[in-house]
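Take a look at these structures.
Each of the next two complexes has subunit A plus one more chain, namely subunit B in the first and subunit C in the second.
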Partner chain A sequence: MAPLLKVETLSIAFKTRKGDVQALHEVSFEVAPGEVVGVVGESGSGKSVSAYTVIGLLDQAGRITHGGVEYDGKPVEGRQRELRGREISMIFQNPRAALNPIMPVGQQIGDVLKRHALAGRTDARAKAIELLKQVKINDPEERVDSYPFELSGGMCQRVMIALALACSPKLLIADEPTTGLDVTTQKATMDLVRDLTKARGMSVVLITHDLGMAAEYCDRIVVMEKGHVVETAPVVQLFTSPQHPYTQKLIAASPGPRSELADLTGGLPEAPPSIAPPRKREPGPERLLEVVDLVKEFPKRGGSFFGRKPAPFRAVDGIGFQMMRGESLGLVGESGCGKSTTSSIIARLQDATSGSVVFDGQDIVQHPAARFARMPERGRIQMVFQDAHDSLDPRWSAAEAIAQPLRRISGMRDGGEIARKVAELAEMVGLPANLLSRYPHQLSGGQKARVGIARAIATDPLLLILDEPTSALDVSVQAVVLQLLDRLRRELGMSYIFVSHDLNVVRLLCERVIVMNRGRIVETGTAEEVLHAPKDAYTQKLVSAIPHFEPERLRAS
Partner chain B sequence: MAAIARLRYTMSENPLTVIGFALFALLAAMAVFGPLIAPYDPLATRAVNALQPPSWAHPFGTDHLGRDVLSRVIVAARLDLGIAFSAVALSFVIGSALGCLAGFRGGWTDRIVGRLSDTIMAFPLFVLAMGVVATMGNTVENVIYATAVINLPFYIRVARAEVAVRRNAGYVQAARLSGSSDLRILATQLFPNVLPPMMVQISLNLGWAILNAAGLSFIGLGVRPPAAEWGIMVAEGASYIVSGEWWLALFPGAALMLAVFCFNLMGDGLRDMVDPTRRT
Partner chain C sequence: MEKLSRIGGRILQAIPPVFGVIVITFLLTRALPGDPAVFFAGLMADDGTIAQVRAELGLDQPLPVQFVYYLGDLLQGDLGNSLTTGQPVLNELAARLPASLELTFAGLFFAMAVAIPLGVLAATRPGSWIDHLCRVLVTAGVSLPTFFTGLFLIYVFYYLLGWAPSPLGRLDFLYLSPPPVTGFYTIDALLAGDWEVFWAALRQMVLPAVTLGLFALAPIARMTRAAMLSALSGDYVRTARANGLGGARVLWIYAFRNAALPVLTTLGMVFSFLLGANVLVEKVFSWPGIGSYAIGALVASDYAAVQGFVLCMALLFVVVNLVIDVVLTLIDPRVGLES
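Then we have the complex of A and B:
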């Protein structure tokens, strides 16, 4: 069968201040009618650039230096405008940003239909409702008049899908369509895309960094690295016998339900070997942390001027748990479940409404958060943030960022002493010393994560709270950072609270897991129990939504 | 060394900035060395020489009292730039302090500071400045205060908005974890990060401040004759334009325009220099 889309030895160069940068090197792949092709690679591999070239949305600075794209046997060059929407359409990474915020979603769908003369002024609304019904939005008659901000992220992505399918195209390009969505929403969205495209016999190009998702939804996978296609193979073949070393590394680095921490880098630890012997801590109470009946309420807006205020929203609704010294505990749940609020109360960045947090024999919530910052206990609970880039002041170098807690908490004054300690910390987290003078925007994601970790362990804390520290990182970098965190915990005798939505990652680092939903704890148990034999209905749903690639299962099917 | 290299880099990137800085250097030289480089005494009157058109002896011509217009334009730079810089410095210091506090604390602080700046904005700004000078007395200091007051809301608003979006940024939380008090966070983390937009505001404002001071003098408030000041010179020269003596008003007006142009160009260049994400 003739391919629907043919990308042939495509090379793209971007013009920058420092001369041309080659983004794609002779990339070739084909998409047959009705086929689902996954384009997989880490950030900067050129997977989005190839998609944008196909649909003709390439940035001004980019130009094709070699090869080209053929759609249905003819080159797309010059006719992308007519192809776009009608033949090829696209769904984007951030649905909320891709929708016009000041226009009701129904009108946006209607505009696309009118633009392609598929609907007139009178029936646009009815057709928009019909499309919303097809993407399984509840109450489409009401939702057709909603603005994007009134819809959840998952709903916005459904509207985007409706927009993309409005003109019944033959090819759908999905660029990381579920980034930023919860796993259960991700599953629902991807199932919907699969069902709708299959029913219409459409081809799909799914661009993703998540190997699990590619395995679950694609027929064939194209693996890209630094602008090159390194391997193209059907799914089962790719996962059972990957040929290229990069594919092997990528597959190894993606944590599955059974992988071990050491497997992630193919058995070879990439982090430098241990430099310090395990540290002896002075003894303290065996129970490090006890959270009792913790509640956090946020006032709701609204209510009439004289009438009663509406009942406040309970983000954390009476949770309690205990943690032993040296233990590492996973806090799992979807966005809005209260896991981040809980961790930031324990880190004393927020005040609780009621309840107590007993840390090392002392109730720490009785001190207001603003005062806690100046107390000696501050140094014993530290935190690593989700977004390493956001957590570093853009005007401070890496060394200054790491030195900050040393100056403020440890009370170091002597410049030479601080520099020595900073160098020691950088070595512990595997950050090359020559990067210490750099600013955050000059560091890679993995390096910024290391700076954040070095800063958090600078005061030798007893408890380290890790708020999704690897969620913004590429899988191969995530693997190394997870190994680093595991080694540091053993060497420094710290306890971890690991906050994450990804049970597979949590399982690698934590002995015990707490699953939260709507501000409450729904299940507690060892990581293995929760992942392999979940008891609570919500946990079961969460576990089954994680996209897996298990070679055994793939081979069987 | 690194600073010089960065300066050179920014300059090569943006030739307009070079023009802006060159103009500024010229204006600064006029302000500092004005009386030394002026060919004549700016205040010396010679009735014989009145209303001479531009010539080799008097490139900008002479005014109705026979004073050399070129000398007066050069000497006036000190007074005009002095008023503009003091006024802008005053409103920058007070406005950014108030704005940062309002953005960081929110709540009542924000409301009071916000209403204060709304109140100032509610008046036609030039009329407000006139009112301030008229009630407080006709002196150069009062022109500075008046100009500072009417520029205050712009600094408050920029600082408040920039601080408010960064108030809960990751690095602010991280600074709290590192044991920094709120005041320290404001001073060491937030304020330096709102400087780039403030720099742009400052240099645009310098232009406005000069215009404002000149405008006040034009209508007879603030600087008084016979002091050399661009606004007064334009005012005095305006009545002679109809009778054909255009050079009286044109040259001080051109100096005024060049100064405003220069500060606008510099604003763009400064933003590039102080923004660390453009450092390479």
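Then we have the complex of A and C:
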């Protein structure tokens, strides 16, 4: 069968101040009618650039230097405006921002229908409702008048799908459609995309960094690295016998339900063994942390001007758990489950409404967060934040960022001593010394993550709270950072609270896992138990929603 | 319904600033030097008469009591009498306010008519000649003071070219002012069907309005350009394009409507600035508005008139911001829900 889409030796260059930068190097792939092709790769691999070229939305600075794109046997050049929406459509990541914020969603769907003469003034609304029904939005008659900010992220993505499918195109390009959504929402959304496109016989190009997703939903996979296509193969073949070393590395680095920490980098630890001598800890109570009946309420906004205040929202609803010295505990749940609030109360960045947190024999929630910041205990609990970039001051070099807690919390004054300590910390986290004078924008994602970790361990904490420390990193970088964190914990005798939505990652680092839902703990157990034999219904749903690419399972199917 | 209650709430919020303004104007006049009782009693008065006048005026009462009297007078629309003309201040302000408002609206209209298309064009073609023109105009607008622009325009268009009528007030003395309905000469002339007066009034207004407009143009053009740039690079514009929507619809319905929100907020601010800039422009063009009235009153130490002027301006500020907020609430569904 003739391919529907043919990308042939496509090269793209971007004009920048430093001259042309080649983003794509003779990229070729094809999509047959009805086929689902996954384009996978890490950031900067050029997977999105190829998609934007197909649909003609490439940035003005980018231009084709070689090759081209054919749709239905004819070059797309010059006719992309007609193709868009009617023949080829696209869904994006961050669906809420991708919808017009001040226009009801039904009207946005109607606009697309009217543009392609599929609806008139009178029937646009009815057709929009019909489309919302097809993407399984509850109460479509009501939702058609909603604004994007009134809908959840998952609902917004459904509206996006309705928009993209409004004119029954033959090809759908999905650019990281579920990045930032919860796993259960991700599964529901992707299942919907698969069912709807299959029913219409559409072809799909799924752009993703998540190999599990690609394995679950694609027929064939194109692996890209730095603007090159390194491998193209059917799903089973790609995962069972990957040919290219980069593909092998990528597959190894993606944590699955059975992978081990050492497997992630193909058995070779990338960081050199640490030179730091094991710390001698002063003896303390065996129980490091005890959380009792912790509650956090947020006042709800809204109510009419004269109306009564609504009842406060309970983000954390009476949770309690214990943690032993040296233990590593995973805190898992979907967005809004209260895991981040819990962790920031334990880190004493937020005050609790009620309950107690006994840390190292002392109740620490009785001190207001503002005062705790100046207490010596501040150095005993430290945090590694989710966004390695945003949590670094852009005007401070890496060395200054790491030195800050040494000055402020540990009270070090001597410049030479601080510099020595900073160099030692940098070595411990595997940050080359010549990078210490650089500023955050001059560092890569993995290097920034190392700076964040070095800063957190600078005060020699007993407890480190890690809030999704790797969720913004590429898998190969994530693998190395996870290994680093595991090694540091053993060598420095720290305890971890690892907050994450990704059970597979949590399992690699934590012995015990707490699953939270709606401010409550629904299940506690060892990581293996929770992941392989979940008892609670919610946990079961969570676990089953994680996309897998176990080669054995693929071979069997 | 929710919107109505939000608008109601916003209107209630306008009350405290109004009250604050009243308190401040009241205290301001009490703090100024000079004793009104001595002034009113006349040059020949002895201490007894002065005390009598003071009691008549209520100035022997404690300040809070005086304030209550003052509030009572305000509620009856009594702003006191002007010392220089002996007329009630309210009447004088009412006669001059339309002149100022007409000029301000004309200036704002000119500024919007130039700045918004310019900003949109500059944003759609960044780096082009129109973008550079926009930048030059914005820089000129902020760096030239209004009295200079006013005098410069008079010099070129009245003195050198002779295109503009003499810059002396709202209407050439050859014409009679139209029968007052709104107090805006152009509109009143149209209502009376008198085209000749309409053109005459318009010709008088062009130079001062352009002077004000050049001043107002800079922030509007800059904000339009910035807001359009960010809207055009927004994800929702990309979505609209990806679904095949046409250039004009994407530009105006998707990008411009979103960009209009910050521009509208800027407009409210610019209007307030213009009320202030009016004072100088009216002086330069001998425009009989409240700005030139206030300067006269200040020079003559006419406290009641100054007080009335300050109160009037403050109320205008409050009303303008209230109107902008209400309009924003009506067109932006998210108002009050974010943050």
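Basically, the second predicted complex is superposed on the first by the 550 of 557 C-alpha atoms of A that agree within 3 Å, B and C clash if a C-alpha of one lies under 4 Å from a C-alpha of the other, contacts with A are read in each partner's own complex, and residues count from 1 in each chain.
Operating definition for what follows: a residue touches a chain if its C-beta (ideal position, glycine included) is under 8 Å from a C-beta of that chain, and two chains touch if they have at least 3 such contacts.
Keep in mind that this is a model prediction, so the values were computed, not measured.
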{"item": "Touching partner for A:Ile418 - first (subunit B), second (subunit C), both, neither", "value": "neither"}
{"item": "First, second, both or neither for A:Val332, with subunit B first and subunit C second", "value": "neither"}
{"item": "First, second, both or neither for A:Val505, with subunit B first and subunit C second", "value": "neither"}
{"item": "First, second, both or neither for A:Val7, with subunit B first and subunit C second", "value": "neither"}
{"item": "First (subunit B), second (subunit C), both or neither touched by A:Glu82", "value": "second"}
{"item": "Which of subunit B and subunit C A:Leu99 touches, first, second, both or neither", "value": "second"}
{"item": "Subunit B partner contacts - residues on subunit A that touch it in the complex", "value": "17, 347, 349, 369-370, 373-374, 378-379, 382-383, 385-387, 389-396, 401, 404-405, 408-409, 439, 441, 452, 455-456"}
{"item": "Of subunit B, residues touching subunit A in the complex", "value": "13, 169-171, 173-182, 184, 189, 192-193, 276-277, 279"}
{"item": "Partner subunit A, residues of subunit C touching it in the complex", "value": "2, 5-6, 8-9, 12, 234-236, 238-246, 249, 253-254, 257-258, 261, 331-334, 337-338"}
{"item": "Residue numbers on subunit A that touch subunit C, as the complex places them", "value": "55, 57, 81-86, 89-90, 92, 94, 97-103, 108, 111-112, 115-116, 147, 149, 160, 163-164, 166-167, 301-302, 304-306"}
